Amino acid sequence: MRVDGRKNDQNRHIKITRNYTKYAEGAVLIETGDTKVICTASIEDKVPPFLKGKGEGWITCEYNMIPRATQVRKVRDITRGKIDGRTMEIQRLIGRALRSIVDLKAIGEKTIWVDCDVIQADGGTRTASISGAFVALVDAVNKLHKQSPFSIYPIRDFVSAVSVGIVDNVKMLDLCYEEDSKAKVDMNVVMTDSGEFVEIQGTGEQSPFSRADLNELIALAEKGAKHMIQVQKDSLKMDSLWVGTGDR
Amino acid sequence: MRVDGRKNDQNRHIKITRNYTKYAEGAVLIETGDTKVICTASIEDKVPPFLKGKGEGWITCEYNMIPRATQVRKVRDITRGKIDGRTMEIQRLIGRALRSIVDLKAIGEKTIWVDCDVIQADGGTRTASISGAFVALVDAVNKLHKQSPFSIYPIRDFVSAVSVGIVDNVKMLDLCYEEDSKAKVDMNVVMTDSGEFVEIQGTGEQSPFSRADLNELIALAEKGAKHMIQVQKDSLKMDSLWVGTGDR
Amino acid sequence: MRVDGRKNDQNRHIKITRNYTKYAEGAVLIETGDTKVICTASIEDKVPPFLKGKGEGWITCEYNMIPRATQVRKVRDITRGKIDGRTMEIQRLIGRALRSIVDLKAIGEKTIWVDCDVIQADGGTRTASISGAFVALVDAVNKLHKQSPFSIYPIRDFVSAVSVGIVDNVKMLDLCYEEDSKAKVDMNVVMTDSGEFVEIQGTGEQSPFSRADLNELIALAEKGAKHMIQVQKDSLKMDSLWVGTGDR
Amino acid sequence: MRVDGRKNDQNRHIKITRNYTKYAEGAVLIETGDTKVICTASIEDKVPPFLKGKGEGWITCEYNMIPRATQVRKVRDITRGKIDGRTMEIQRLIGRALRSIVDLKAIGEKTIWVDCDVIQADGGTRTASISGAFVALVDAVNKLHKQSPFSIYPIRDFVSAVSVGIVDNVKMLDLCYEEDSKAKVDMNVVMTDSGEFVEIQGTGEQSPFSRADLNELIALAEKGAKHMIQVQKDSLKMDSLWVGTGDR
Amino acid sequence: MRVDGRKNDQNRHIKITRNYTKYAEGAVLIETGDTKVICTASIEDKVPPFLKGKGEGWITCEYNMIPRATQVRKVRDITRGKIDGRTMEIQRLIGRALRSIVDLKAIGEKTIWVDCDVIQADGGTRTASISGAFVALVDAVNKLHKQSPFSIYPIRDFVSAVSVGIVDNVKMLDLCYEEDSKAKVDMNVVMTDSGEFVEIQGTGEQSPFSRADLNELIALAEKGAKHMIQVQKDSLKMDSLWVGTGDR
Amino acid sequence: MRVDGRKNDQNRHIKITRNYTKYAEGAVLIETGDTKVICTASIEDKVPPFLKGKGEGWITCEYNMIPRATQVRKVRDITRGKIDGRTMEIQRLIGRALRSIVDLKAIGEKTIWVDCDVIQADGGTRTASISGAFVALVDAVNKLHKQSPFSIYPIRDFVSAVSVGIVDNVKMLDLCYEEDSKAKVDMNVVMTDSGEFVEIQGTGEQSPFSRADLNELIALAEKGAKHMIQVQKDSLKMDSLWVGTGDR
């Protein structure tokens, strides 16, 4: 029995609030249990220097926590003078996850800035960020699409993420902070609606894991990611992504 | 008639949600119209070096906005590599406002970290921050007081803040962003429940103002600050601050 | 009786030395009592990005102290790796004060860099900086005006600044360091020759102040700012600013 | 047929030179094909603040490239003013890999600094770094062990790493730069001699991958990591790690 | 004939004003021609970590220019985010020059901070800084000596510095900016009163120089440094340094 | 007798390995005794802003050590957040040394980036860097020259550098670390093949030196630099530099 009464293969309760703030093109509050992340997608009409003139767009992500999102107050990056490694790692992961399901050529020379700001952290903030950011991204792209339809709709697939891990020798889905802090093995999995993997990051710093463990963890993650995609679909009121030339 | 239908001497609607997040000793969401700020107060059992061994406490404040709190996405401080001057100015102001009504000796060798993170900015974020942070501060101090009563209750008075300004030659209370961006004169006033001033910052960069203007603006501010303190009292369910030795 | 024998409504002795250094377009040493600030105004033939192509100029200010301007040596900003908040606050104040009396359109696409470097700090460095920088600014603008007359003379009014405060319950004008360090209330006032306010910054961090206190402090400040403007006029050998098309 | 004539399941030629420089407790040059990394392990007699007094040691890693390790000169971190995200990610990975096979309590209050400096980068620098750093770590630990034997020998297992990926729909082991730059899927796998996984990081930013792909890639990685461990053993002239109380 | 009418072996006019500011233990304004530098020496009762507990003192130097000390306004270090290389080089040079004539053991566990802030730069600022800083150092040390005599007087010798160079194939002493900017060879020489060299830094970036050139330049420098020391002596009203046990 | 058995006027063994890495246009490993530096020269087809449009090229140098090049591990610059002064001084010296023998107009609008990365430091790293960087520079320039001959061959002369010093009252050439750490006087000399001086930097921080000392040290340096140039010639298999229009 888990600390919050869940079954081992059960996600926490997920709640996605769209249009959470009023200025961003896409603005989502995602809650998975007590983890809460504001995800916004902002469109900018230019691309970073390395893409200038190539007719392609870009998606970049920044992740942060407000100082008291955590049990102990975390010093702000600007006070320490540098981004910490964990933050860097997470924002790179979110960026890759979103770019993997977007046709950057179809977007044209635009940058989509995705900001994930954690206001309460109870485990799984990086996977919640990916899952919530996807919804904000869809809202932002659809806003553009309504103003001036893309000839190819740029989002190719849904994407979501979940964590899995081994805690006290038990494999579990969607770890809360208390579980995460005791986990020997910890894995984050990013998947598409078509059932493929975008990213697998598993680490057994406390204790290495076997091929059999890997297989079981992957199976748990598949279940959890699928559930998350269903919640995304419900929230967006979309069963599938727009196909073809902006006919919606 | 103002853009949002208010009278010139009318505050926007104020909403204060206490216990907005679960980890901080005090955690408030304050909304004044569409401006939304998360204010947390965190207690740390040590003081900065300049106070070590003096038996006194300290209150320090940090202020920030999430990137898309504003119409145009604001680059994060850590990306620019430095805190911008406006942020610095604001967080120093909030710190002074809160310290002015706290007996730092009564607190003992503790630091209270106040964090104001703006999630939506529609004018008046610094005054909303002060007003919300005060409530978070009271919650944090009362939590300490319940665990181990202070011999002298350290908060001496309520404190709140409002903005006033001159827009199209009309003096107005509590400017929203659209008004603020056209204001020739802009003033932030911090007041106590006893009707005294903690801080007055008025600037007529666009056009200087007369002594008569000053008097009228101050009168408007007094009205607005008084209203804000009533909302704080309602939210805290306290008519006055605790006096004496933790008898509540 | 004050520490230096002055009356409560009396400025310290003011001395303004023009052309203090040889390279800057305007270069002033201002001394108010033992406070000494070098103020230079430098003209640059371009504007910051946000003004490019708008046909307008800009005035920006930087303020600093040499390390041993103060009783205890102050670590240089570059050693600490960041500008401290007080410096940021002051340079923003000086910039607003000077821009308030300049017609930036009349200047055209130029930036005037104003640098205030304190070489001895005995209280009131920010107000001395504003008052001295104004004279440097006039010299720099007049140098341009002689080379190629402006169609509209860009300086609209004189501007000066003074500090006032409450020390041991006595209201005083132009506080020296010893007074300032004991002041319960501290106010900086920036005024024009036409008797209007550009900026009022009053703070009662140690103890809030009443409306009556405010009125008395403002009256003291008016007297002090007026005196400072007379000294500026004497130094510049100008009773009024040039009007119209560079006929001087 | 691969660009360098290898079979798909074949590692590049590996060469490990121990005692490559004279000051470090462990100093290795590892070459995998044209990738060359200097790995040093340095012992320091103290631990970071978060471990002080706990009787445990720490292993931390830094990774860098000399500017012309790559085809295009890479600007130094200190010139850009910050560590780039890729570097941060890699050095955190190396640290986790090494800590996973070390008994930090057995080390006592010491820090082992592992530095991986790439002098030529032809793909797979992070996996070469892990594999080479392990050998440097063993040399450093053995040097300590000879001076004063550990009661428990602190290294529990061999650890090595390899990359695998999908290039032109072909799954391949140990990608060189030319292959890596075309790979749709890219995976780094860290394994122990006992055949368990310490870390799996697979990303399909260019195109997601299936469960079957994952299985095949893992199998390739197992083969490659095993070969690398054999080379480490040959280089160290050790078939197994010391067990028990320093009897060697 | 030189631009300012001097002979090739002639120093510019030197003026040393002691007690130039009121807070520092030693505070000198040195003027060599139009070059003006404020040099202060500040005593701190502790030493840097690398000297703690060794019973020795330290002298460290910082050098800076106010932005408009030069013809073109120089951006402040803190705005650029780093000290520029030239500044670093100069402050290290000044520090070495002063430490070379001081008995750091005799000082005890104190740090002397020497600050050289250039307010007008017309060539030779680094040599003027050394020469002026020496006088400030003597004043600071003597102030300490009067309060509590050193058992060994810590300053062993006078030290001064001059520049020499080759301009239009002519060897010259004490170059002003106009000469310096045309010089093919540029040399700074630091000497003691006993006629020995503390530092020689000669560079022929524009054109290498011969052994004969070197000899002539050194001879010019000896003449110039000797003159500077005489001016230091006159200013300090000391013919020689105190010897022995604080008997003055 | 010296610590390594050399005569006082004898260089350590010098070994220059060209084409040490495969990507840079010039890539040299220079070894002088146990000091080892990788020197690369990289060509970039643009110049820094201050040279844009002037038809001239530029040579800039960066110097660094890997952390364990030294006896005690040196913290990386990026961790400390700034380049240390010694590094800055050295890279400026190397840059000046190389620019002194290059015709920057002949190069055209190109920048040559010279990187000196020390992998083992046993004294004399800055002089080894200059000597090795020269060979890398020649290789890079010749590579350009073969692709498209310069109308004027841009390298005018050979340049090399050596250190000399006074250790235990004995004057010595090419100090190793053990000697260097005891030296009272330390001098670095940069010379051309034509026997002229590009740079002389001598410092007697521990104890000033006389004119006679200077002469003896210079003579030792001339001998050492000459030997180094012979080794450079042997390594490059060139007795003299190409003259005229790329006829080789």
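For clarity, chains are labelled A, B, C, D, E and F in written order, and residue numbers in each chain start from 1.
Keep this in mind: a residue touches a chain if its C-beta (ideal position, glycine included) is under 8 Å from a C-beta of that chain, and two chains touch if they have at least 3 such contacts.
All figures in this text were calculated on a predicted structure; none of them were measured in a lab.
Between the contact lists of subunit A and subunit F, the overlap consists of D. With steps allowed only between chains in touch, the distance from subunit A over to subunit D comes to 1. In a homomeric contact, the two copies may use the same or different surfaces; for subunit A and subunit B, over half of the interface residue numbers are shared, pointing to the same surface.
Among the other chains, the CA centroid farthest from that of subunit B is the one of F.
For the pair subunit A and subunit E, the distance between C-alpha centroids works out to 60 Å. A straight line joining the Cα centres of subunit B and subunit D is 51 Å long. In subunit D, 81-83 are the positions where the chain touches two or more neighbouring chains simultaneously.
Traversing the ring of chains that begins at subunit C and proceeds first to subunit E, the chains occur in the order C, E, F, D, A, B. Within the complex formed with subunit C, the residues of subunit E that make contact are 21-24, 27, 34, 36, 38, 40, 42, 44, 62, 64, 66-71, 73, 76-79, 82-83, 113, 115, 117, 119-120.
Touching subunit F in their complex are the following residues of subunit E: 82-83, 85-86, 88-89, 91-92, 96, 99-100, 157, 187, 191-192, 194-211, 214, 218.
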